[in-house]
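Got a structure for you, questions after.
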């Protein structure tokens, strides 16, 4: 099986979807001739034509609004926002329209669109190019929010997102676009949405993460194992709606939970998991629930970036701390 | 200020613009210029007239319902009936309408039932689904945000090679929003089959046109996006219909988007909760009443001996009957069970939310 | 009431015929809303409302002729109300916003720190968390701690809840201990000169009565909450009696004024009742000073427990032969060890010592 990077897996999934379904369109800035600034859409315009792979004007609001209109007319638009930092003009279209078109027309119209965007920091980029504000989107009823963490899951989940009849925001961690490789068979098989993936089993502590930090979380689990701490690693993958049952079952087994995300701490999506555990998993807890997250600061510029991002060391320290309890 | 001072150095002109204004009937119903051929079809004109009177009758009844606590906040379209009917009448059933929230005349023409309109403004989502063309968009509240949808819909038509047109209705306030510009710009680049219609009623709540834009017309904004725009007298339904037909024909033929500025006047408050007397003098409104569209068309029809007192009485009574019947049906509806708020949230309610749905259902039946 | 008259419709027309009303009496109308269609010679004309308001009265009906300038519509007087919004309705109820309260002093945390799953384990193993020693971080109890406690408890046997007298004693002693400032002084009374068969208890009762008369401050009640001391004239002596199952302290009333015979009879009755457990509750209350004759079992001196509101307790140890110094020579004498524990909050050292001396002096008198 071929080994591809995450961004190559995205490209494969897009091509596969566009081959299978002639209503799938790709639109965004620089996605056509240039193949996308990260080459996620490379080769697509050459294969499928400029009417299916559209170089839009510089207008993020437009990209998301076009998707709504196209989707209402039965097309399957996959819009790209070049960086999550530029997603914010789309909030109006996502919150006021995409998320609720089906509901406010009672099913007469619906919105099967996907909006893809690079997520998170760690690539030494200038300001505004390192955003991780998934919690904001996961709050909106009617949306789906999915975060890729590996080439295999990127391929399978993007296919699922494109085929899903409702709007999906698909976040692609920039710093693992090329830094991870995985075996991906281009067989058109989607992975399930709304489901968390247990990447490593363990009995002592549950480590929950998504996006680029899944890599660090797995590395932390490896380190902990050498010290006799068996960590269970869960990739939440779909943040909205998320797989509460898998989380609860795991913490029922281990009694301890550490949640890891690079987004800022307060109101980050880890808070939702912690609330879930307090509400429905409290009696199984041997230790306080801990979150290892970015800080409540603006994401710093590259010089301090690594101090902000959760590291393997911070994850193992938190895991060891909670393992002292109980 | 579109010109530089004459004392400054003379530079060659590389682009001009001109904006046409279309009007056939003066406010008193007399003819300004030869109307187009279809205006000779008095039956057609009467169909416009009937639709406009029905729209106004409905509007006023809605206000009365709101005042008596039986309808929520309602946006009145008083004075703008010709713009709505003229545009909608030029559309084909397979075209897609993307309205704002002050276009009931167009919705009614397109077959949306009066009681469904009441149901929506009465606060029940069922009003948005039951009648009218299946592909038309619902009301749009965030101003101008439907413009990118219109561009997307038009792109889909072009992509699917369907000879259909997207018609986007909005107000003067919307022309200040980026959403509209982004949509027009894209439509121009891709020559999309979309007609942008600005109902310029000259007021955005309390903000008058002169604070909304420094441009002499709204029509000229399409020039910046690279396509043709014209201004019409929005209270002259013949002019509106003519402009709409021309624009839609061109768009349908692949000639790209069009912009119509229907210049009219908002004779009512912004909504039933607004009090326009706070910011505009009643004398101004009084004066504008003399230009209103229904009296104008009536005067023209009367002058053509195509309309008279008994027909007027009959129409007024008939409209009242229709509206009353719709009100009765609306008032007879009962609210849905609360758990239906989970319906149509997604194609299939995710398992994550089934518990909540049951919680609401349990509480409501407790 | 505001009246709207038929406006001038132009072209020199003086009157018009009402074709149809568009509003009803009682309706609210907005400014410029069409009120009525009237017909002139030329056409049917709509007359708009000049202002917003409620229609009180319509003048004329369909077919009536109205002259220009004649009343057409009467409006009800109403104060224009600013809705203060452009959508929806803003409630106008007068509800005072709640003033923010200063955060209350944080209540001290429970002294047992245990996480939910460990608590559940303790419940399952029937382990009282109060008996578990915590070894986890931050003083939390771990599962291992609970399991260890379960094992110890299994070896030790089941706990027996304190009931009845033992329970009362536990509670009373704890209360006393937390309040009273105990000070104990001791002495030995040389009772060699007592006649054979003398009852030590009677002698002690007499001696206490004598000492109380000398030092009334030890026959008192102290209400620490009110900071009040009550010197009591009558001496009601509580006599600690050890019975099976615990300790009771029946009260021998008014020992200061009863003769020896009477006291003897009272004591005998008391002893019999105690053995039969038939002492009525009121006989156990109200002691002003207590005697503990623990020497009947064993022991010489003791630091006894004073039960508030009393302020003193006399302890009599086991009577024994002791070698004493008499006139510079060693001699074997019969000795009764004495302990006096008093509450130093209200009894001075001098008072206590003098009471003890008075006790000893009375006891040493020949019988």
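To keep things simple, chains are lettered A, B and C as they appear, and every chain counts its residues starting from 1.
Going forward, contacts are C-beta pairs under 8 Å (C-beta built on N, C-alpha and C of every residue); 3 or more make two chains touch, one makes a residue touch a chain.
No experiment lies behind these values; they were computed from the predicted model shown.
Report the chain whose CA-based centre is farthest from the CA-based centre of chain A.
So the chain farthest away from chain A turns out to be C.
For which pair of chains is the number of C-beta contacts greatest?
Chain pair with the maximum contact count: A-B.
Measuring from the mean of all protein Cα atoms shown, which chain centre lies nearest?
A
Can you check how far apart chain A and chain B are, centre to centre, with Cα atoms defining each centre and the answer in Å?
That gives a centre separation of 40 Å.
With chain centres taken as the means of their Cα atoms, state the distance from chain A to chain C in Å.
55
Distance-wise, how many Å sit between the C-alpha centres of chain B and chain C, to the nearest whole number?
Taking the mean C-alpha position of each chain, the two centres sit 71 Å apart.
Of all the residues in chain C, which ones touch at least 2 other chains?
none
Sort out for me which residues of chain C touch chain B in the complex.
19-20, 22, 27-28, 30-34, 37, 39, 43-46, 48, 50-52, 80, 82-83, 85-89
Which of the residues in chain A end up touching chain C in this complex?
Residue list for chain A touching chain C: 255, 282-288, 321, 324-326.
Name, in rising order, each residue of chain C that touches chain A in their complex.
Residues 115-118, 120, 136-137, 140, 142-143.
Residues of chain A touching chain B in their complex?
Contacts found on chain A: 25, 51-52, 56-57, 59, 61-62, 64-75, 77, 89, 92-93, 96-97, 102-110, 141-142, 144, 164-166, 194, 241-244.
Can you list the chain B residues touching chain C in their complex?
Per the touch definition, chain B meets chain C at residues 56, 60, 63-64, 67-68, 72-73, 76, 78, 205, 267-271, 273-278, 282, 285-286, 289, 294-295, 298-299, 302, 309, 312-313, 316-317.
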